[in-house]
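Some structures are shown below for you to check.
Presented sequentially are two complexes of chain A, the first with chain B as partner and the second with chain C.
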Partner chain A sequence: MSKKPNQQPALHKVIMVGSGGVGKSALTLQFMYDEFVEDYEPTKADSYRKKVVLDGEEVQIDILDTAGQEDYAAIRDNYFRSGEGFLCVFSITEDESFQATQEFRDQILRVKNDENIPFLLVGNKSDLDEKRKVSLAEANARAQQWGVPYVETSAKTRDNVDKVGIFSLVV
Partner chain B sequence: MGPPPVVTGVSPKEGPPGTRVTVRGEFLGTGPADLQGLTICDCDCLLSAEWKSSNKIIARSGPGKGRGDIIVTTRYGGRGTSTVQFRGYHETIGPMKESAVWVEEAPLQTLAWGRRSMSPTNYQHEDPLGLSVEENDKKFPEDDLHELFPEGSGDLASEHFLAGWFLLEHHHATTFDDLRAGLAFLRRKVDGQKEGQLSFLKANVGSVMDQLDTLMILKDKFETDVKEHGPDPTVEVEKAIQESMLEADKLFNEVLARRDRADATRNALGVLQRFKFLFGLPVSIERNIRKGDYDVVINDYARAKNLFSNTDVAIFKKVLVEVEQRINRLREILQNKLQEMPSTLEEQKKIIRNLVNLEATGDPAWDGICCHSSFISQRLSSCRDEHIAAEIAVVEDTGKTSKSGLHSTPLSHKFGKSSSNSNNSQSQDLLSSVPQRVLFVEELTEIVSYRFPDLWKLGQAYFSGELHVKIEPSRQAQFKRMVLTAIELFSGLLRAAVLPHTLDRMSVQRQTYGTWPSQGMEAVVPWLPRCLRYVRATYSSLIRLDLPGEVLDIVAILIFDLRLHCMSTLFQQASEHVKSLHKGETWKIEFDSKHGGITDLPSQFECKVQEVVQRVKESVLLGEQRETPLLENSNAQRELSALVQGLLLSFSQSLEHLAFSNEAMMQEDHSPAVSQLIGCPAVYRGHEKESSGPAWEQRLLTTLSNCQYTAKVLLPHLSDLFARHGFPSPILPIAAATNALNTLERRILEVYLEQKSDPLVHRVSPSLVSRVLTQIVETVAEELSRLMSCVTRFSVEGNQQARADIQAIQETARLFTTPTAQSFFDEALEAIPPLTNAADKKVVEDTLAKFRVRMRLQLMCFGDPKNQQAVAVAGM
Partner chain C sequence: MADSGSKRIGAPDFNPEKYVKDLSQRCVGGQELQQQRQKIQSLADETNILLKKNVYQNYMQFIETAKEISHLESEMYQLSHMLTEQRSLLSTLATTSMLGDKIPSTVDSDGAAGSQGEGKEQKEEEENRRKLAAILEKVEGCVTLLETSGRTILHEGDLLELDPIENNALQRVHAYLFNDGYMIASWIPNRRGPVRYKFEAMYELGSLAVVNVRDMGSVKTAFKLLAFPDTRVFQCTNNQSKKEWLDKFEQAKKARLVQEQQKRESANPIERSPSRPSHSESLESPTNPFEDADDFSAEPELPEWLVEVPEDLDVCIAQRHFEEAYNLLKRAREFLDKNTNTDPVITDIRRKVEARVKALTEVLMKELEVSPDKSLQGGLPAARRAVRLLNQLGRSTQACDLFLKLCSCILKTQLKRVKREGATVLYMRQIGGIFFSNLTDMTREFLRAFLPHSPSCASAFVVWAGSELTHLTSHLIKQVFMPQSSITMLAECVTCVRSQCDQLCELGVDLRYQLDGLLRTPLTRALHDAREKLIDAVKLRAAEDKWHPMNLQCKAGLTKFLQEMSDIGIASIHTYVTGDCWLGLTANTVAFSKLYLTLVEDCLRLATPELLYTVDEVLSDVFKAQMLHVEASLSSDKYVAEMTLQSNADIHLLRNDNLLARNEYTVKLEGLNVYNMFLLLQSKFIQKNAAFLLDTLLTLAEHCYEEKIGNPCARLGRLRDEYSWLKKDSSTKRPNNSAVKPKDSSYAATGSHQRLLNAV
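Let's look at the complex of A and B:
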C-alpha cells in the first residue's frame, strides 16, 4: 500500500544474465518467493520487484530476468542499457556456461560503457558439487581478474541466495 | 478481510495479445474461487486465469496495449496493487522475425485476441538503432513534431519518413554517445544484410548451376522440335479438331432429327386427342349431366371454350353450337334445381357456384336468395293454413261433442258458468292431446330455426363474395328487407296464433297472419310456457347467426309480449282456480294454538300462489340471452301488480263466496224454521243437512277465522314468497287484499251478528218487540200449562227439571208476562206436585241461580227493550 507514498522508495534495477539453463529464474524466484521451481521453462523476459529494508531504509529491487538462449542475443543490448547492476550467473556443473560469462561481461561493458558497473559473478547449483566442472579457484580467478565478487549459490537449497540479493543492493 | 493482493512478478513482462503470463506475488487468493478479478493492462483476463497458489496465477494477456498494471482482485483481499507492469504490444511476427517473446504455437483461446491489426502504423518495429526505448517514458509532444515537420512522418514505413522526426519521437532523451552506438548498430545491420545476399548465392551455387543446365537442355530440345515439325506445330492439330467437329455434328444431326420427328408425332396425337374430346363432348356432357357430375361438365366446357372458341373451322363451330345447346339446358336444369326447395345450404351454394361457372345469365346467387326467402314465407304461410284448418276442424268437432257433453253432464249447468266450465272440462279432456296452436308454434319455430339460418348464411356468402359473383350494393338493403319481412311474418304468425290481442286489427298484414278461431285460446294457456320455450330456442339460434339488431328486436319484442301474456294468463288461471277453491272446501277444521281453527283453504291458496309464482319465475320472469328482464318494463310491472292483486283478491272473493253463497241457501232453508226453532237453529240444521258439512254459523265463523289468518299470516308470508322469487315486493296488491279481507271480515261479522239476532228480531221492528213477545210468552205459558197437566206422574228429577224450567222462563220473560200468561205459568206450576224434600228444593234453587249467572247476557236481552241492540252485540 506504500506504493505511492510521499517519497518513492529508491529503485534498484538488477539484471540477471547468463547462459540458458544455469538457474537465473530459479535464483530469482527463490529470492522473491522462497520457492524452488523444478520444471525448466526457458524465460523470455520476466520482471520482478520487491521491497526490502536496507540499512533502515526501504528500497525496491527491480529484477529483470532475461533469456539465456542465444536466440535472444540480439535484443540483450536493449535490456542491458537500463540495468544498474548485473548478476552474471553460470552453472558450476557446466563449463560452457562459465566460458559464456566472458561474452556477457564484454557486452555489458560495451553497452554500459562503464568498467565499474555493479557486477556479481554467481556460480549456481552448488548443491551439485559432485558434478562440478568449474572449480572454485577458476571462478575466483576470473572474478578477481574482472574486479568483481564471486558467490556460489544453490537455488535449490537457498544457499547464499539472500547474500546474492543483498549484495546486489549494496553495490 | 485479508491483506490486499500484491503482484510483484510477471513472466514475461511483455508480449503480444494472448501471451501466457505467469503472475507472481502475495495474497493472490486462497483458492480458485477466491480469485474474483484479474486485469492486465486494464483488460479483463479472469476468463483465462488459472489460479496456482496464493503466489502464482497463470493467465493470458488481453488485447491491451502499452504498459499497464496487473491487478488481482480477491474476495477476501479486495482490489490489489502491482509493483511490476506488463507491456502489451501488437506485432506481426513472421518466420524471419526476431521476437523477444515466445510465439505461442497453441491457438489463441479467443479469436478476438487474434485481431491483429494489419495497418502498418501499428507495427511495433524494433528500434532500428538497436536502442532501448524503455526509459523513454516522457514522450515528445506530437503536436510539436507536426509543427516542426509539417510534411513528414515518423513512421518508418511512410514515404514521408523523416529521420529527424523519428529521432525526436523516439530518442529525444538519448545521449549522443548512445545515438552514435545506434548508428554503428544500424550500419552493422545493413552490412550484415548485404553480406547475407552474397552468402546466399555462395551457399546455393550448386543448385544455381543445375538450373542453368536444365535451361540449356530445354533450349536444345526445342530447337530439335522446330527442325522436325516446322515452325508451327499446331496446324495438324487444328485440322484434326475440325474433322472431329464435323463427325460430331453428323452424329448429332441424326439424333436431333429423330427427336423432331417424335415431337411432330406427339403433336399430332395431341391434336387428335383434342378433336376427340371436342367431338365426344356433347355426349359426355349429357352423360355427366345424367350422372350429376356438374363439375366435370363445367370443366370440360371451359376447356372446350378455351381450345376452340376462336376457331374458324365450320365443323368445330357446329359441334360447339351443339355443346352450347346442352350447356344451356344444363343451366336451365340448375336454375330449376335452385328454385327447388327444400335444399341444404351446401347444395344451394354448389348449384350457385356451378351456375356462375357456366356464366349463366342473371344473378343465380341472388335468385337463390330470393327463392329461399320466398320459400320460407311459403312454408310459414302453408304451415299457418294447415294448422288453422286443423284447428277449425277440431273446434267444430269439439263443438259437437261439447253439445252432447252438456246433456251428459247437466251438473255443469248448475253452476251457471256454462261456457267457461264446459271449456274447462273440455280442456281437461284435451290435455292428452296438444292444442293445435301449440303444434303450430312448434312447427313454425322449427321451420324458422332450420330454414332461416340457411337464408342468412347464403346472404352472407353472397355479400362476402364467397359465391364469386358481382355484388350489387343496392342488394344489401333489399336482402335486409327480405330478412326483416321473413322475421316479421314469423312474429306476426305467432302473434296471430297465441297473442291475437297484440296485433293491430286494421293493419294491412293482419290478413296474412291468419285468423284463428276465437275459441280454443283457453286451451293454449297451459301450453304457453312451452310455446315460449320454442320461441326462445329459435331466438337463440337466430342470435347465434349474428343478425342485425332490428331483426332480433322483432323477435325480442315478440318474446317479451309472449312472456307478458304468459305471465298474465298464468296469473289469471291461478286466479280462476283460487276463485273456485271454495268448491273444494272440506270444512275440516284444524286447530292451531295461535290462529284458532282454520281449514286448509288458506294453505291451498298459498300452494297455488307458490306454484304460479314458481312457474312464472321459471318461464317468464328471468330474461334469457339478449332479453330484458320482464319487470324492467314499467307496463309489465303495473300489469304484474294488477295480476297479483287479482290473484289475491280472488281468494277473498272465494272466501266471500263461501260465506255468502251459502247464506242464500241457508235463508231459504231457514226461514220457515224460525217459528218452530226458538233458540238453537244450528242443531236443528245439523240434523237436517248433515251431508253439506257443518252448520252455516260455523262456516261463517270458520271463514272469518280463515280471513283473519290469511290477512295476518298468509299475506306477509306471500309477500316474502314474492320477494324470494325475485318479484318486486307486491305492497299495493297485498294492501288491497288485506283491505278486501278486512272488509269481508267485517261483512261476515255483521252477517253473523245479524244472523244471531235474526231468529227473533230480524223481521220484527224493535218497537213491536214487546207486543210480539207478550203474545209469544202467553202462547208459551199456555202450552206449558197444557203440557204439565198432561203429565200424569213426575219423578223427583223430572219434577225438579220442570220446576226449574218453568221458573226460569217465567223469570226471563217477566217483563213481557201478561196476567193471562201469569195464570198459565201458575197453572203449570200447580200441575207439578210440590217437592217435599228440602234438598230437592235446594237443587231447583241452585239450578236457577246457575241459570241466572250463565245466561246473564240472554237475560239482559229480555231486560230493557231500549238496550236490546247493544246487548245483542255484547252477546256475540
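Let's look at the complex of A and C:
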C-alpha cells in the first residue's frame, strides 16, 4: 500500500478530505498534538508538518486539513493535486457524510488519474456507537469495492489514532 | 413648314448661314420673312420647354438618387449598430467565461440611458483605475493589470517566500490581492526610479487554494498557496498580518462567489430568450412561413416583429426616431395586453419592452433637461416633440416638471439679456414685456401640450407661474422701489406691469391679484415715503410763506399759467386773476395744488382695493398738512390782532364795518391800528386761499377719486368738513381751538406782516 516517494527529505503529503464536521481537524490535531478539541469551528484549510519514524526511517508528514465546505471546485482540485495520500473521513453517525465519500473518491481519482493512489477510508466518531448510522459492514463493503483499507477511529478516545497508525497506512 | 424646319435645324449637318440664305431666297417681301421669323421663334420656345422638361426629369431622378443614398446610409448605420452590438455581446461573453467579471458594455446603444447610478459607478471605477495605475508604476511588467476592468485592489503587503519543502527563505516579495486574483512581485534588489518590484505571477482567485500553515519549528506565521502545479509558502511578519491576509482571501472569495451567482441568475433569462428566435422556428416548422398570419392567433406562436421589438426599439431610440419607437411600443403593448398567458418568452419580451419604455422615457427626459451646454435656441417649440411623446407614454408629470424647468431657464436667459440702462420706466417696461410675453407663449404652449391630456398638470403650471412672478417682482422691487424713486415713476412702472399682466387673462391665467399682493408691501411703504416727503415739502414751503399774491410778471406769463392750470384740471383759477398779471392766491397754494393733483393722480393709478386705505390716508394727510399751515397762519395772525385790538377802544367799529370802510378808517388811526388793519387784510387773503384749497382743489381731488375708485372718499370729505370754517369770516372761531399751534407759524406770520406794512 505504501508508496514512498524517492525524494531526499522524505516528505509525505497527506490530505484529509470529507464532509464538514466529520472530525478531520480533530483527527489531525489528535495526531499532531495528542489532544482533542471539543469546540467545532469550520476549518478553512490548515497545513501541518510532523516528523515521524516510519519503518525505522525518519520522515516528514505534511498534513493538509481541508475545508469540508469549499465552494470552488477548482480550489478543491488544487488541494487534491498537491496530495500524495488521502484520508477520506466520514462520521459513522451521519450517513450523508458516508455517501459523500463516493464523491470525494471520484473527484480524487479524476484529479490524480491514478487508481492506486494511497487512500484510506476512515469512519470517525467510533466512540458514539449508540448513534451509529453507518454499519461496519456497509463501510467495509465500500472500502473493498474501492480496494482500500477501512479504519474506524475516535479522535476523542484516540482510538486507532496511532502515532503512525492511520497516517502511515496512507504513505 | 415648322416641322421640316425643325428637322433641318436638328440635322447634324445643319448650317445656319445656308439655312438663312435659303430662307431669304425663298421668301418674298418683309411680311413672309416676318412669318418665318415667328416660326423660328416658336421653335426656339418649344426647344426651351423641352429642355426644361428634360432638366426636370433629371432633377426628379437626382432627388430619387439622393433618397436612395440616404436610405442606404441608414442601412449602413443599422449595420454598424448591429456590428457594435455583436461586438459588445462577444466581449461580454468572453469576460463571463474567462473571469466571470462584469465588464461595462463598450457600446451602450441606449446612449443616454445611463443615469446617475452609472455615474457613481464610473466614479468608483475611476478611483480603482487610479489605484491600479499606481501599482503599475511600482511593479514592472504587469501592464495587463488594467485590461480587466472592474478590478479592484483589496490588500497588499510584503511577504517572505519560503521553500515549500525545505522551509528556508527564498526571497522577499510584495503581494497584491485583487478582487479576482493574487499577484506576486519580487523585489528588485537595486532599484532605480519608482519601480520597486518585478512582476512574477498572477493567480486566479477562483482556483487558488489558500492553506493556513500551522506554526511549527522554524516556520511561523505562514500560509501556503496551492495553485497547481505551484505550491508556494509565504511567511508574514507577524500573526496579525497573517490573519489579515487569510481574512482578506476569504472575503474576496466570498464576494466573488456572490457576484458570480448574481451574474448567473441575471444571465440566465437573457440567454434563454434569444435561444428561441423566430428564424429557427420557421425553419423547423413544416408550414409555409407565409401562412403564419392565418394560424398565429390559434397557436401561441409569436409574430416575428414582436420577438424583434426590443432590438428594433433600441435601434429607433439610438437613431432618435422617437415617434417610430413609440408606435412600435404601442403595438407591442397592445399585443402583449391581449396575450395574457405566462409563456416565459412573452414574459421576457414584456419585461424587455418595459425596459425600453424606461429607456425611451429617459432619453426623452434628457432631451428636455436643461443643461448649461445645451442651447436654448430652439425655444419651446423644440421641446414639443419630447413633451408630446412623454405625454403619450403617460409621463406627463415628469414632462410637465421638465417643461416648466425649461421655461424657467428660458425666462431667465431672456431676462438676463435686458440691460439696465436709461430710464427705470423703460427698463421696467422692457422686463415686464419680455416676462409677460414669454409667459404668454409658455402658457399657450402649455395649454397645447398638456391640457388635453393631463389637466392635473395645470395646478403645477399655476404654482410655477406664481413662483416666476414672485421672482420677477422681487427683482423689480429691488430695482425700482428705492427711497429716491418718485411715486410718479413707480405709478408708471406699476401700471405698465399691471397692464402687461392683464394680457395673460385672455388665456385664463390671472396673475393680477398675486402681482398686486406682492407689490402691496413695497407700495404701501413707497406711499408712506411719498407722504412724508410731501408733508416735509409743505412744511418747508410754509416756513417761507409770506402770504403774498402771486405775480406772474407779464400778460404772456399769465396766459401760460392759466393754460397750465386748466391742463391739470383747475380751469376756474382765472376768477382769481386781478389786474394784468396778479393772482389772488399765494405761490405756495398754487404749487401745492399742482403737487397734490399729481399725487392724487399717482395714488389713484396705484390704488387697488387693498391699497385704498393707505391711499386715503396719504391723500388726506398731505392735504391736512397744508390746511394746518393755513390754519396756523390764520390763527396766529388773529391771535396777534386780537391781542392788540383788546387794548384798542374801537374794537366794535372795526368788527362791524366793511373792509374798505375800515381801511379808510384805520388809516386815520394811530400806527398800531394801521398795523392791525393790515393783519385783518391778510386774514382775508388767507381765507381766500383756504377757500380755494377746500372748494376747488379738494373738490377736484374728490371728483377724480370718485371717478376712478367708484365711491367718494370719506376721509377727504371729513377733511373738508373739518376745515370749512377757515374760509368763513375771521370772526368765526374754529369750533375746536385746541389743535391750533400758533407758535409754529407765528414767526412766518410776523415776517409777512412786516412785508405788508412795508408795501403800504
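Criterion: the second predicted complex is superposed on the first by the 149 of 171 C-alpha atoms of A that agree within 3 Å, B and C clash if a C-alpha of one lies under 4 Å from a C-alpha of the other, contacts with A are read in each partner's own complex, and residues count from 1 in each chain.
Definition applied: contacts are C-beta pairs under 8 Å (C-beta built on N, C-alpha and C of every residue); 3 or more make two chains touch, one makes a residue touch a chain.
Quick caveat: nothing in here was measured; it's all calculated off a predicted structure.
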Q) Which partner does A:Asp77 reach: the first (chain B), the second (chain C), both, or neither? A) both
**Q.** Which partner reaches more residues of chain A (counting touched residues only), chain B or chain C
**A.** B
Q) Which holds for A:Leu11: it touches chain B only (first), chain C only (second), both, or neither? A) second
Q: Kindly classify A:Gly20 by the partners it touches after superposition: chain B alone (first), chain C alone (second), both, or neither?
A: neither
Q. Where on chain A do chain B and chain C both make contact?
A. 32, 44-50, 64, 71-72, 74-75, 77-79, 81-82
Q) In the complex formed with chain C, which residues of chain A make contact? A) 7, 9, 11, 32, 44-50, 64, 71-72, 74-79, 81-82
(Q) Help me check something: in the complex, which residues belonging to chain C touch chain A? (A) 165-167, 206-214, 216-217, 219, 224, 226-229, 231, 246, 250, 253, 257
(Q) Please output the residues of chain A touching chain B within their complex, sorted ascending. (A) 1, 3, 25, 29, 32-33, 35, 42-51, 60, 62, 64-65, 67, 71-72, 74-75, 77-79, 81-82, 111, 113
Q.
Give the list of chain B residues in touch with chain A in this complex.
A. 4, 8-15, 22, 24, 55, 81, 83-85, 98, 100-102, 126-127, 130-132, 134-135, 177-178, 181, 185
